[in-house]
Every structure is written in C-alpha cells, then in structure tokens.
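Structures are listed in the sections that come next.
In the two complexes that follow, chain A is the common piece, with chain B as its partner first and chain C second.
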Partner chain A sequence: MSGTHTQLIDGLNALTAGLVLLSAFGMVTTRQVQGVIRFLVVQSLFVAASAFLIGFDRRSTDLVELGVIMIASKVITIPWVLRRMLPGEVYERREINQAVNIPSSLLLALLLAIAAEFLVGPLVATTSDPVIHVNLPIGMAGLLIGGYTLIARREAIPQLIGLLAMENGAFFAGISIAPDLPLIAELAIAIDVILIAVVVGLLTRNITETIGTSEAAAMSELREEPHSWR
Partner chain B sequence: MLRTVVYNLVQLLFILGFAPLYSGVLSRFKENVQSRRGPSILQPYRDLWKLFHKDEVISSQTTWIFRFTPYLVFVVPLFVASLIPVLTDYPLAFAFMGDMLAAGFFLGLGGFFAALAAVDTGNPYGPMGASRTRMVGFLAEPVFMIVFFTVSFVAQSTIPYIVQQQWVASPAAFFSPAHILLLIAFFMLILAEGGKIPVDNPTGHFELAMIDESKGLEYSGRGAALMKWGGQMKFLVLTCVFLNVLLAPWGLAKDLFVNHLLLAIPLTLLKILLFTVILVVIETSLAKLRLFRISEFLGAAFIISVAAMIASIFSTPGV
Partner chain C sequence: MALMVAVFLPLLAALLCWLKPLRSIAWGITVFCLAVSFAATVVTAGQVLGRGRVVAIPGWIEVDGLGCLVLLLVTFVCTLAAIYAGGYMRHGSSSKARLWWFYSNYNLLVFALAVVPAIKRTNLVWVGVELVTLFATLLVAYESTAGALEASWKMAILTIMGAPISLFGFLVLYWAFRSAGGGLAETWAGLYAMSSTMPPNLLKFSFLLVFVGFGAKAGLAPMHTWLPDAHSQAPTPVCAVLSGVKTTVPLYVILRFLSIILASPEARLGEWMVVIGLFSVGIAAFLLLQVREYKRMFAFSTVEHMGIILVAAGFATHEAAYGAMAQMLNHAITKSLCFYAAGMVLLALGTRQISEVRGLFRTSPFAGSALLLCSLAIAGAPPFPIFLSEFSILSAGLRAGHPAAVTILAIFIVIAFVAILLQVNGMLFGKPQPSAPAAAIPLSCRTAVVLAAIPVVILGVYIPGPVHSLLTLAAQQLGGR
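Up next, the complex of A and B:
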C-alpha cells in the first residue's frame, strides 16, 4: 500500500519539478516586470508544493514548515512589498532592456539547464532515490538560470527576481538532499530575502523618482544634469 | 482482423463527421465567452453543404497543382487518422503503416501543397500568406521532431499506439518532468499549426494579416469546401494526438467489443469539449503576436521540448 502511495507522491513531486523549470524559462522570456514577478510567485508555489510533498513522504515536519515559510515570504510578502514600494510606472513597463535578446537568452538558459544535468550527474548517480534524481538537477538548473537572469537583465527589479529565483533553485535542490536542514537557518534566509526586496524596492523607487529610470546600466557613470540619462 | 479494419474506418468516419462540429463548438463557445450570441454549432456543416452545391471557378492561369491540392488537403488528415488512436486503446489494422514521424510528414505534405497552390494563383495575398505559413512551418518542424524523439526515448517506439500504452502503463513516466514539458511544447505547436490565436487569428478577414486563411482565398465551390473541411480535420487530428496519446489516454475502447467502441465516442468527445474550454480561454485572453514575435513563441516551444528531452534522458527516476 505504502509503495503505490510513495510512487504517487514521487510522481507529483516530479510534476512540480517540471513546472519549476518551466517557470524558470518563463522568467527568462517575459518582458514585463509584472510578468517576471508573477512567474517568481508561481515558481515559489511549486517549490513549496514540492517541500510539502517530500515532507509528507518522509514524515518530516521541518520540510512542511519550510514550505510554509516559503509561501509566507515569496508568495505573499515579497510581491506585496514590491507592489507597495514601486511606482506603477516601473511595475507595468514592458520591453525590459536586456543585454542579450530573448531568443538567445532562451538558448543560453537551455544550455545552462543541460550543464546543470551534467554537473549533478555524478552526484545523482550515487543514489537511487527518485526524489533526488528529479530535484537536484532541476534545482541546479533553476539556480543557474536565476543567476543568468541576474546578469542579463538591466532593470533593477528583474535582477532582484533573478536573485530570488537562484534562492528558489537552491532551496528546491536542498530539500531533496538535506531534509533536516535546521529551521532557524531557513528562517534567517527568508527574512534576509524579504529585507533585500525591501532595500532594492526602496532604492529603485528613490532612484526612479530622481532620475526617471530604473535601468542599472544607466547608473554606472556620474553626470551633472539628470536629463541626459538614456 | 476484419473487425479492426472496420474499427479503423469508424475512426476515419469519426474524424470526418465531427471535425466541423468541433470547429463549430469552438467558435460558438468563443463568441459566448465574449458575450455575443454566436453562430449555431452546426454552422460549419451548413457552410460545407452550401459550398458543395455551388459552382466552382478556376482561373485558366493556374496549373494542375491548384486543382489537385484540395483533394490532398482533404485526404492527408484522414490518412493520419488511421495511424493514431482516436477511439481505441489497441493498435488497429493500419496502425503499423507509419509512425508519428510519418504522420508529421504527411501533414507537412498537405501544408506544402497548400502553400504551392496559393502561389500558383498569382493572387498577391496568396504568396504572402504562403510564405508566412512556411515560416511558421519551418519553425514548428524542429519542435515536432524533438517532441517525437523525446517520446521515443521514453516509450522506445514512435508508433502512437505504443506511446500511448506507455503513458497508461507507468505513472512514473506520466508524472515525469519530461512529460509536462513535452505537453506544453506540443500544445504550443498545436496552437501554431492550427492557426490559433497567439500565432494567427482564425476569424480575421483582413488579408494583410492572414497567415493560415490566405491559402484558401482563391478557392470556390467544392475546392473551398474540401480545403475548409481538410483544415478542420487536421486540427481535430492534432487534438486527438495531443489528448489521446500524450495528455489523457483514458476512456478509449479497451477491447474488440462494439459497445466499448460506441462508449468511447462520447468519452472522446467529452475530452475534446474540455480541451475546447482551454482553447477558448486562450483565444479570448491573449492577443495575436506580431509576425516576428512568432519566432520567439515557437523558439520557446523548441527550448521547452529540448528541455523535456534532456530531462527524460537524465532525470528519469530509478535509472
């Protein structure tokens, strides 16, 4: 009985893994700030779902609590904080100026996903646990794609989202290999992440108010008149 | 043996008979969701009836391609329908005649001749639309291929019936990350191939913006009816591949009894109805993409399908 039970949970966990990877690709493709944030929320939901499933399967209350923290911080607090802090103009702007255009970005994201599979291949080969087989490569891919978003985007908020996506990927890989992660560490990270969101949000708001753009590239040099910014 | 041949013909009749209904239900639903009354769901049948009883006008400047194409466009989906599981769970008489690649190539053949015929007329809008369908076509081709390769990795076969058995047999494969990625990629592909909204506007009658519609501009009478019916059947066939082979391989006839086959007809129609709801949500909530954004849309589908292949090679549990 418990055999088929576990199989179903493993199956559902694999489903969340696919959706996590899909939303990572979504973050790379989306042009609008709002859309990027939405994909982050979706991804965090699936990561939390995976934590619940693994926690249920391994009878670990820690993982369930981690999932709750995940939802509280990334699904509820951070989008709310950003919504409150950012001027609507930043929030709804389209055509984020990217260093690399979107088709090439997608190809690079794909290469990163392949690289992630190769990187964790030797680690995964040492175990036959299906959860690790699914979570570790896809968490790694999520981490690398998040890092790529951080580099390729030029606006402050999508860069922040890239950072948060990296954290999501690390979390997704982590719950499969370290089910007994001390709660206090994860709680500290969650609060840390919210603080980062607050700081970046505030900073972006002030910068946008003074110079009228939130593009990180435009802030690399000092000028006298604020009007000459690109 | 004889029975499987008959059942295969029943599948063909199913595709032949319900394709106009499918398109009628789709357009009716869409109009209703957009709070308009919409045409009757039987309207496509009436259109076909009307067109079959009208005179056909063929320009004297056209070649045999123009006259031959409607028949080809009409026959190709039927040929594909004999290869795929529309109503039954077990391979029928013609199932091993060709695999999913053959099905893809046959649909491609129909598209190729439709594009040639559009160029053949000399109508300025025909070639423009034809080149656009080719653009969508060649961007969709790699996605098709990768989807089939992924499927064959998982199922060890490209015969649609065997692939479908594989999804039913193992829940591990059904829930694998590869499967969900594959579904999304194939769904985007169906939208592109069927000329649905993020890629093409099926109800648009503005020639400059047409993609799929422009192929049939010069046809009248019987030719127009065959082109129209063929297009509807192609979309139904693609939907059947998506639903019965990849997404929800349940509710099909399990053995040779006639009543099981008859029961499978309403169940399959129910699945298609649910799928229609999803299509309507997409058609009403999204806007048509700009022409050069289509490459991004299909590029994303390609990336997703390759990710599915990678995931199926590496992270299959228990390997």
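Up next, the complex of A and C:
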C-alpha cells in the first residue's frame, strides 16, 4: 500500500519537475515582458507543488513551510512589488532585438538541460533517493536556463526574471537535497530574494526615468579604452 | 557583549539615520556609532587573543581569529570612510537632499559586512553576503547619473547573478554535511571537523558553485568587469569600502570553504586556486598599464590583490596562509587610503582622467603627497606593509614547492608596480594645467587621510605583538600543511 502510494507521489513529482522545466522554456521563448513574469509565477507554483508533494509524503513540515514561503515570496510579493514600483510602459514592452533569436534560444536551452543532467550525474549516482534523481538535474537545468535568460535578454525586467528563475532552480534542487533546512535560513533566503527584486526594480525605475528606456543594452558608455602613451 | 555592540550598532545607526528629526545629523550618528563599533571590535580582538574565540550568542554569533580579523578590517575601514564622507559628500556629491538616505544605506552595508564574519551558520553567511551586494549596489547608484546607473546595473547583474549559483552551492554543501551523518551543527568549525567524512564529490561541486558565485563579488577575473565601472562612478567613500572590505568579505568566505576542502584528503583544489589567482593578477597587471582613469586604476589594483591572496591560499601551507592574512590586512588599509587620496584629487580638480591631472604637487600639495604615499604603498614598494606580505607569500610559495607559480607571480607584481608608478608619476609632476584653480579639501577628508595613513606607515616597519598574534591565529584557521 505505502509502496504504490510513494510511487504515485514520485510520479506526480516527476510531472511537476517536467512542468518546471517547461515553464523555463516558456520564459526563453516569450517576448512580452508581462508574459515572462507570468511564466515565473507559474514556475514558482510548480516548485511549491513539488515541495508540498514531497513534504506530504515524508511528513516533513519543513518542506511544507518551504512551499508556503515560496508562494508568499515569488507568487504574491514579488509580482506585486514589481507592479507597484514600475511604470506601466515597462510592462507593455515587447523585446524587439534579442541577442539570439527564439528558435536558437530554445535549442540552446535544450542543450543546457542536457548538460545539467551530465553535470550533476556523478552527484546523483551517490544516492538512491528517487526525489534527488528527479529534482537535482531539473533544478540544475533551471539554474542554467535562468542564467542564459539573464545573459541573452536585453530588457531589464526579463533579466531580473531570469535571475529569479535561477533561484527557483536552486530551490527546486533544495527540496530534494536540503529538505530539513532550518526555517530561519529559509525565511532569510526568501527575504533576501524579495530584496533582490526590490533593489533591481528600484534600479530599473531610476534607469527608465534617467535614460528613458528599460533596455539594459542601451547602456554602454563605460568601457575600457586603451591609454595612449605620449 | 563587545561583539554584539560591534556587529549590531551599525544596524541601530541605520535606523537612527532614517528617523525624521535625526536626519540632519545623520553624519554625526554614523561616525559616532561606527567608531564605537570599531572600539568594541578592538576589545573583542583582545578577548579573542586571550581565549581563542568569543561567543556572543551560542550557536549564532561568534568570532574566532579569522572572523575577528575580518571584522576588525570592516569596522576600521568603514569608520574612516564615514569620517571622510562628511566633507566629501557635501562638496563632491550632486544630490545633497538625500544625504540621510545615503548614511542609512551606508550603515546597513556596514552591518551586513560585519554580520558575515560573525555569524556561525553557513547558510546565513550566504544571506549576509547577498545583503552586502544589494546595499553596495544601491550606494553605487546613489548619484543617479547615467554613468552611475549603468555601473550599478552591471554590478547588479554580474554580482547578483552569483546569488542563486552560490545558493545552489550552499544547498549541496548542506547535503554533503547531512550525508556525513551530521551530529555537529552546520558551522565552519563543524564542517571543518567533518571534512574527511563528507563525500568529496559533493564537497568539490559545492565549492565550485560557491567559488563562481562569490568570486564575481570578490572581483576575481574574468568576473571582475563590474569592479572598475562601479569604482569610477560610486561616491569615493563607498569606493574605499567596496575595494577595501566589500571584496574581502566574499573572499573570506571562499577561503573558509577552501580550508575545509584542503582538509579533506581527496578533494584537492589548491593548485587550481593558484592558477585562477595568477590569472586575476595577470589580467589586472596588463589592464593597469592601459587604464585612463585613476579611480579605475586603483580598482584594477584590487583585482590584482584579490588574486595574490587567492594564490597564497592555494599554496596551502601555514606560512603562505600567514602571508595571505597579512596581505588581506595590508590591502584593506592601503587600498582605502588610495581611494581617500583619489577622492581628494577628484574634489580638487574635478576630473577623473589621469591625463588631465598634471603637476599635482604644485596645485594641491596635500592631495599630491597622499597620492604619492598610497601609490608607493599599494604598488608594494619597501618599506610599506604590502612589500612585506608579498615577499612572505613569494618565499612561502618557493618553500611549498611552486617555483613556476612564484616566478610568474613575481613578474606580474613587477609589471603592476611599474604600471601604477608610471601612471601616478604623470599625475604628480609636470606642468599643472592653468585652466582652473584647485578647490580646497575639506577638513574631515584630511583627518581621515591622516588617520588612515598611520597604520600604513607603521605596519611596514614594525608589526605590534597583538597584530602578529591575531594574524597567526587567523592563519591557523585557514589550515594548511
């Protein structure tokens, strides 16, 4: 009885893992600033779902707390803070010139997901815990794809979302490898993530007001020019 | 008790600066609180020398020799930078209305910097380092000019991107800790004690992630590109803190972690640290030759010194660890002095370009002498302290059996030495530009420069007993053969 029950939970967890990865791909392919934010919210929900599933299966209050913290910070607080802080036109924006076009981006993201599998392969091999086998590679993939979003995007807010997606990847892996992290550490991390969003949002607002665009690529004045020795 | 005061007084100061009736005296509050915090750290250092460690809240707030050394550097540099800020922000800043905001944020930065060496739990160390990055980013953007915003955006993207990467690393570390059976609390000491039982695979992987994440914050090449931009645009007192201690603190975490790796028999990474450190030193040495702004020049010099400290830690002997600690101390006190001097040049002449500053000795003798002193000291000329610590690192490297690395390091150090002195030579001598007369330098700036110069001059010829004992104690915590 408990065997099939756990199997069901593991199956559901694998499903949420797939959805986490899919929402990461969604972030890569979406041009609309608003759409990218939606994908982040969806991804955070799936990360929380995984925490609830495993927490329920193992009777772990720590994981349930982690899920609640996840929803409170990334599904509710951060989108609300960004909405309050940023002028509407930042939201309406569509990214016109991306560094890499969308089909190539998607291909790269796929390659990153495969690379993640290989990167953490030796670590996964040290354990027989099925949750680690699912969550660690997908979490790593989330981290890498988020990092790619951060580098390839030209708009300030999608860059921030890429950063938060990286954090989602770390949390998703954390559900399996650090399920009993002390509550105070989880809370501190969540507050820190919110602060990151606030600070980057504040910067974005100042940049939009001063420079007139939230396109981060427009800022390219500071660079190293060789000194001419006379 | 003294430790609690040292760590939490800056937080109180930040709150006080925020209060409406106290906003006009924000500078006074900041200087007073930070000076008390520094004095409390000195008292703590005395206790650490006596007992080996000081516990304020068991299991949470505690310092050992290494932690105390870093805390001492943080409070010392931040106190002097606060004094310096008094005159500098009044004359050299364009947005004066929000000065209280500046000081409040500054105190928060000091608090975050002080928490990192004092907190025991490794997971909370991550939180502390991230807070440092956030407050520092806001301070770099303080002037709200296009340049400042661009610099802080670059800094935010490059250094905050490290946050999730290093978080991943700390989670893997927690996993390694749990699979070793636990028993001890997850603290630096606990991890060190269990280093031989933790799976080396996990340990190595987690170290690499933390190294990538925090290496960017410490300004190690090739993730150093935010550093010169931030230093050219940030208000000068902030530069002193950024270069003197904000880069040191993430490096401190890397060194702590490295000591655990080095204690684990299978996961050897020392040689890699030597290579990566040398890469930073080399990149910085060649960039120093072609730099055009003097504040950027000192920023590149920071990259160089972070690299040297990493190389020394990679040698993994007691002797080299002592050199690394001495270098950390000497760099923090000397580099902050460099930025005080650079800030005075900026105040006096209003230009950031090296080529536009000529004959500084004639236009502003005080700024000129300070610049000469600090450039000689930071380049590593005898009889300044950096010469001593660099020399001890080189000789420790030879004895540890790394002749090739020592040769390359020595060559890079000489290139950097020549580059800095060539650049400064042009600024100090020659014909001053007749265009504008030099502006006067505020008293608080002069005071800070004189106070900051005292240890730089003294430590080169005489290392007091307590300082030597603290360095030895700190080096012991780094381990090594």
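As a working rule, the second predicted complex is superposed on the first by the 219 of 230 C-alpha atoms of A that agree within 3 Å, B and C clash if a C-alpha of one lies under 4 Å from a C-alpha of the other, contacts with A are read in each partner's own complex, and residues count from 1 in each chain.
We adopt the following convention: a contact is a pair of C-beta atoms (placed from the backbone, for glycine too) under 8 Å apart; a residue touches a chain by one contact, two chains touch by 3 or more.
It should be emphasised that the depicted structure is a prediction, and the values quoted were computed from it without experimental measurement.
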(request) Once the two structures are overlaid on chain A, check if chain B and chain C clash or fit side by side. (result) fit
(request) Would you check which partner chain A:I114 touches, where first means chain B only, second means chain C only, and both and neither mean what they say? (result) first
(request) Kindly classify A:G139 by the partners it touches after superposition: chain B alone (first), chain C alone (second), both, or neither? (result) second
(request) Tell me which partner A:R59 touches in the superposition: chain B (first), chain C (second), both or neither. (result) neither
(request) Applying the touch criterion given at the start, work out whether A:P103 contacts chain B, chain C, both or neither, answering first, second, both or neither. (result) first
(request) Could you say whether A:G18 touches chain B, chain C, both of them, or neither, answering first, second, both or neither? (result) first
(message) Once chain A of both complexes is superposed, is A:I211 in touch with chain B (first), chain C (second), both, or neither?
(response) second
(message) For the three-chain arrangement built by superposition, which of chain B and chain C touches the greater number of chain A residues?
(response) C
(request) Once the structures are superposed on A, label A:G174 by its partner contacts, choosing first (chain B), second (chain C), both or neither. (result) second
(message) Quick check on the superposed pair: does A:T29 touch chain B, chain C, both, or neither? Answer first, second, both or neither.
(response) first
(request) Working from the superposed arrangement, determine the closest approach of chain B to chain C, counting only CA atoms, in whole Å. (result) 19
(message) After overlaying the two complexes on chain A, where does the chain B footprint on chain A coincide with the chain C footprint?
(response) none
(request) State the interface residues of chain A toward chain C in the complex, per the touch definition above. (result) 120, 122-123, 126-127, 139-140, 143, 146-147, 150, 156, 159, 163, 166-167, 169-170, 173-174, 177-178, 180-182, 184-185, 188-189, 191-192, 195-196, 199-200, 202-203, 206-207, 210-211, 216, 219-222, 224-227
(message) List the residues on chain C that touch chain A in their complex, please.
(response) 121, 123-124, 126-127, 130-131, 134, 137-138, 141, 144-147, 149-154, 156-157, 160-161, 163-165, 167-168, 171-172, 174-175, 178-179, 199, 201-202, 205, 228-229, 232-233, 287, 289-292, 296, 354-355
(message) Under the stated contact criterion, what part of chain A meets chain B in this complex?
(response) 7-8, 10-12, 14-15, 17-19, 21-22, 25, 29, 102-103, 106-107, 109-110, 113-114, 117, 121, 124, 128, 130, 133-134, 137-138
(message) Going by the contact rule set out above, which residues of chain B touch chain A in the complex?
(response) 171-172, 174-181, 184, 295-296, 299-300, 303-304, 306-307, 310-311, 313-319
